[in-house]
Amino acid sequence: MPNPPPIDDALLAHLGELARISLPKQRQAELRGKLQQLVAAFSSLGEADFDMCDGDSARQIITPDELREDRAETPPDVSEVLANSPQTAADCFVVARVVEP
Amino acid sequence: MSTLPLTATALSQAIRQGDITASDVAKDCLARIASIDGKVSAFCETFTQRITEQAAALDNRKQAGEVLGALAGVPIASKDNLLVANQTISAGSRMLSTFRGPFTATSLARLEDQDAMLLGRTNMDEFGMGSTTETSAWQKTRNPFGDNLVPGGSSGGSAVAVSADMCPIAIGSDTGGSVRQPAALCGVSGLKPTYGRVPRYGLIAYASSLDCVGAIARTAEDLALWLDCASGQDPADATSLPTPPTVAQLLQERSDLKGVRIGVPRALNGEGIDEEVLAATQATTAHMQELGATIVECDLPSAKHAVPAYYLLATAEAASNLARYDGVHYGWRAANNDSSRQSSIETTTQTRSEGFGSEVQLRILLGTFASSYGYSAQFYDRARMARRALQHEFQATFKQCDALLCPTSPTAAPQLGDSEDDPLARYLWDALTVPASLAGIPALSIPCGNTNDGRPIGVQLMAPHHQDGRLLQLAHVFQAHSEHHLRRPQL
Amino acid sequence: MTGYTTVIGLEVHVQLGTESKLFSPAPVAALGAPNTRVHHVDIGLPGVLPRPNLRAIELATRAALAIGGEIQLYSEFARKHYFYPDLPKGYQISQFDLPLALGGSVPIGTNRTCRIHRLHVEEDAGKLTHSAIGTLVDLNRAGVALAEIVSEPDIRDPREAHTFLRHLREVIRFAGVSDCDMELGSMRCDANISLMPVGSDTFGTKVELKNLNSIKMVQRALEYEERRQTAMLAGGGKVISETRGWHDEIGESRSMRSKENAPDYRYLPDPDLPPLVVDEAFIAAQRAQIGELPQQRRDRYQEAYGLSGQDVTALAQDRKVGDYFETAVAAGADAKAACNWLIEDLLPALRTRHLDLDTSPITPSALAELLALLADKTLTQKTSRLVFEHLLSSVVSPKQAIADLGLGRIADPAELQPLVNEAIAEKPEAARAVAEGKDRAIDALKGLVMRKTRGRADPEVLDSLLRTTIAGNS
């Protein structure tokens, strides 16, 4: 079994940042433990031998004749577009100030 | 007489013949829910006004001499992740507590086109992430076969709605077993069609390459009726399949299983499965043999990779699909924030940390890990390979047999709160249903017995791509010769 | 630049000229009140799915073919993840390891070309406006179809970058893919630039430049950055990997963010969109739609019409200009005259009126007719201008314009006679001089009559009438 990558504090913090999920101190140990357990178990895929039987993939494909024709439709009213937004002004969604990361 | 114990097939016939009215049916359903849903908490909300109006309109059309559709007056409950125009739909999440769909999901609109009536939305694990319906932000749904038993999940509310006779058909979604497993645990029948057969437009995504709209009913016959109404290509869903031929007529073509080869994959019929469940499954195999089927032992070696592959792919896709919940465009936004002072990163992080429950957060973190730089090759990419390997093995296996059989769930319904803190144990519990999900093949669960203490046991049948009709045919023959599906909970 | 070799690569976004968005049927429009061009798909509403636009794929294919790229028979849409309020889904649908096209090249000077790395299709993001209450999000632009063209780092001089963009724009416009207007944002360019010691083959640390809103700005920003990096390296400093924004008004770039931590976009194949498979027939059909490219057209014009190099360059700058020219010539116009009028008169006039050739009030056949009227002397150089101006402001034929303006040539001696008499009465000394054999004096009388007729008198009829009248009087 290949060594599973350790889920350390830095990696956990990185994942939280990527996913925009805050990781308060009191939850860190628990989450790290759970992730470590799962990652260790799932590392088994790393050693499996998946020699592909043939090139015949089961994945669907799409061809140009199945694509949508380029025809514009009347879009929903702006009130419908904004209907589920938590904050709006001047027919726009409103968010907190964007600060460059 | 209450109209409720009737199947959808019988109910729609009675309405079209004028024996009963759609309004009577709607009233019976609402009354039944009012009287017992307090015990089982299957519904998040009933669409009382909607169904009352719909029923009246149907009765008027019937009176005017119109011929009603195939689902005339059939009340159908739908999972809380399928959009219904102008109704709140929350996917079991606080994040969408006030979200209203501006349109009805294709898979539900097609039922309405056949004159079905949408009854209400059923409880589910948050965004489908769970196998017990316990991760719902709203309530704990209970299995009608035992107060402290989980109903399974994530379509637990839908399974309970049918099991407790609140409606003959309830729609669910099945990503890794979320229709089949609760159906098994609640003693009803559940179908996950071939991936793409029923369109996903209007289904709130969990893991797009695995999500299937499915249904729960009491009989294979009702599932066939539903499938014929819901199937077919949808231009709005690029992954939907060309419209297939109908299947209902296939059910009348067979009265036994002569010449049918049923494969029993060793990997899915041994390790980790409860004795009682295995015994019920073996009894089913024996019964099918009596009905003329040939039993073929077979192998599916990659099945051992199914749980890791499934959880890596599903969570990577989920982390992606759930990135849209940032508190800007729709849904809930964390309180105590003043957009003139906070930064958007803070708002988004706070919103997601408070809006998502802990299981969803865990899966988002796992999926983010699986797809992140430095790890995706070892995890996400390997999972895709495992998926392909499994698909090839299924293809090869289906050269030797027409259908595969195994238990739906390794155990009957456990107690509420049983395995809450051990995610790996919970995930391994899905080992029997995730292979068909990864392969995209049709699979169903039908009741096949019960444990000594009376908990239902379900058996799963899987068929090659597009053979949904064949699958329902097998289940129908079995149900014509058995009574497991007729057993009812005492409520 | 002494001591260092400049290495430049460009990433160009071209808006594909579709009617609807890449994955939704919402209309594409440059203008429009906020959030009035937004479909549920564009905000990534829970439950929606993307529906790829055929025309976008066709146009991107044509763009790739026009620059000599190789269309990939199997390509895939991928999700590029990052959180930003202008990106409603939390990911952009783009392409990653399986783009629509690979390869190709664009000329950047005499015997110099820049190789193209790839062309892929992706959706645009929305627009943010900052206000006192927070940031306002308008998603009209979100989901608009783009092709991103990524060059290899083959450019060695900011002027070559300028040439690259001019050629690329010309070809893309020609292929009918996009109008490539950098000021309106239908073509956008980011530039990467690094310096390495002459003779080295290891690239230096690169800096990415953004906010480049015209081709000239790209060149200016690169020139500035070349100087900045040279000074830094010459002074013993190190270039930092960063993104810098160009501020054209002050002629400087400023750091926007460091690139120390490269973002992790977590690309995933989009599970909502099966891989796209095209065949040779599709590619051939798109190739046929492109037709002639600028260089081929320039060669043909030179050959067929004997026009100068300058003329053919002007005519081949844009497919529409050449098409207009050819239609006018087919309608009987003289090639050289049509070229002159088109380039020197019509195009500038349309620009000042905010029109283009599609909406030109003067059709190619009207221009041909005007030139014919000039050739048969119905019109003089002077009256032809008046007709031209009139045609521009009203949709009529030249003949109608002549009538409207009362510009018909006066060749009837009876109509001209009173004016000739008046002229002789007003300038008797000129008439006398003519009578005395000073022939050039007749010009003064002609000028007088021409003024009275606003240039409409037929010069030949007028000449003989003046002479007979003067002869008769004396």
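Per-chain residue numbering starts at 1, and chain names A, B and C are given in the order in which the chains are listed.
Methods note: a residue touches a chain if its C-beta (ideal position, glycine included) is under 8 Å from a C-beta of that chain, and two chains touch if they have at least 3 such contacts.
Being a predicted model, the structure only gives us computed values, none of them experimental.
The chain with its Cα centroid farthest from the Cα centroid of subunit B is C.
Chain A has its Cα centroid nearest to the centroid of all protein Cα atoms in the structure.
Between the chain pairs B-C and A-B, more C-beta pairs are in contact across A-B.
With centres defined as mean CA coordinates, subunit C is found 40 Å away from subunit A.
If each chain is reduced to the centroid of its CA atoms, subunit B and subunit C end up 55 Å from each other.
Averaging Cα coordinates per chain places subunit A and subunit B 23 Å apart. Subunit B has residues 99, 102, 235, 238-239, 319, 326, 328-331, 339-340, 344-345, 348, 368, 372 in contact with two or more other chains. Counting partner chains per residue, subunit C shows two or more touched chains at residues 40, 43, 45, 51-52, 81, 83-85, 133-135, 137, 264, 266, 273-274. For subunit A, the set of residues that touch two or more other chains comprises 18, 20, 60, 62, 68, 76, 84, 87, 93-98, 101. Subunit B makes touch with subunit C in their complex at residues 82-83, 89, 91, 96, 99, 101-103, 105, 200-205, 207-209, 235-239, 316-317, 319-320, 322-326, 328-331, 339-340, 344-345, 348, 368, 371-373, 376, 380. Residues of subunit C touching subunit A in their complex: 18-20, 25-28, 33-40, 43, 45, 51-58, 74, 81, 83-85, 128-131, 133-139, 256-257, 264, 266, 273-279, 282.
Against subunit A, in their complex, subunit B makes its touches with residues 98-100, 102, 196, 235, 238-239, 302, 305, 308-309, 311-312, 319, 326-333, 337-350, 352-353, 356, 361-362, 364-366, 368-369, 372, 375, 378-379, 382-383, 385-386, 388-389, 391-392, 395-396, 423-424, 427, 439-440, 465. Across the complex, subunit C is touched by residues 18, 20, 59-64, 67-76, 78, 81-82, 84, 87, 89-98, 100-101 of subunit A.
By the touch rule above, subunit A contacts subunit B in their complex via residues 2, 5, 7, 11-12, 14-16, 18-22, 31, 34-35, 37-39, 41-46, 48, 50, 52-54, 56-58, 60, 62, 66, 68, 76, 80, 83-87, 93-99, 101.
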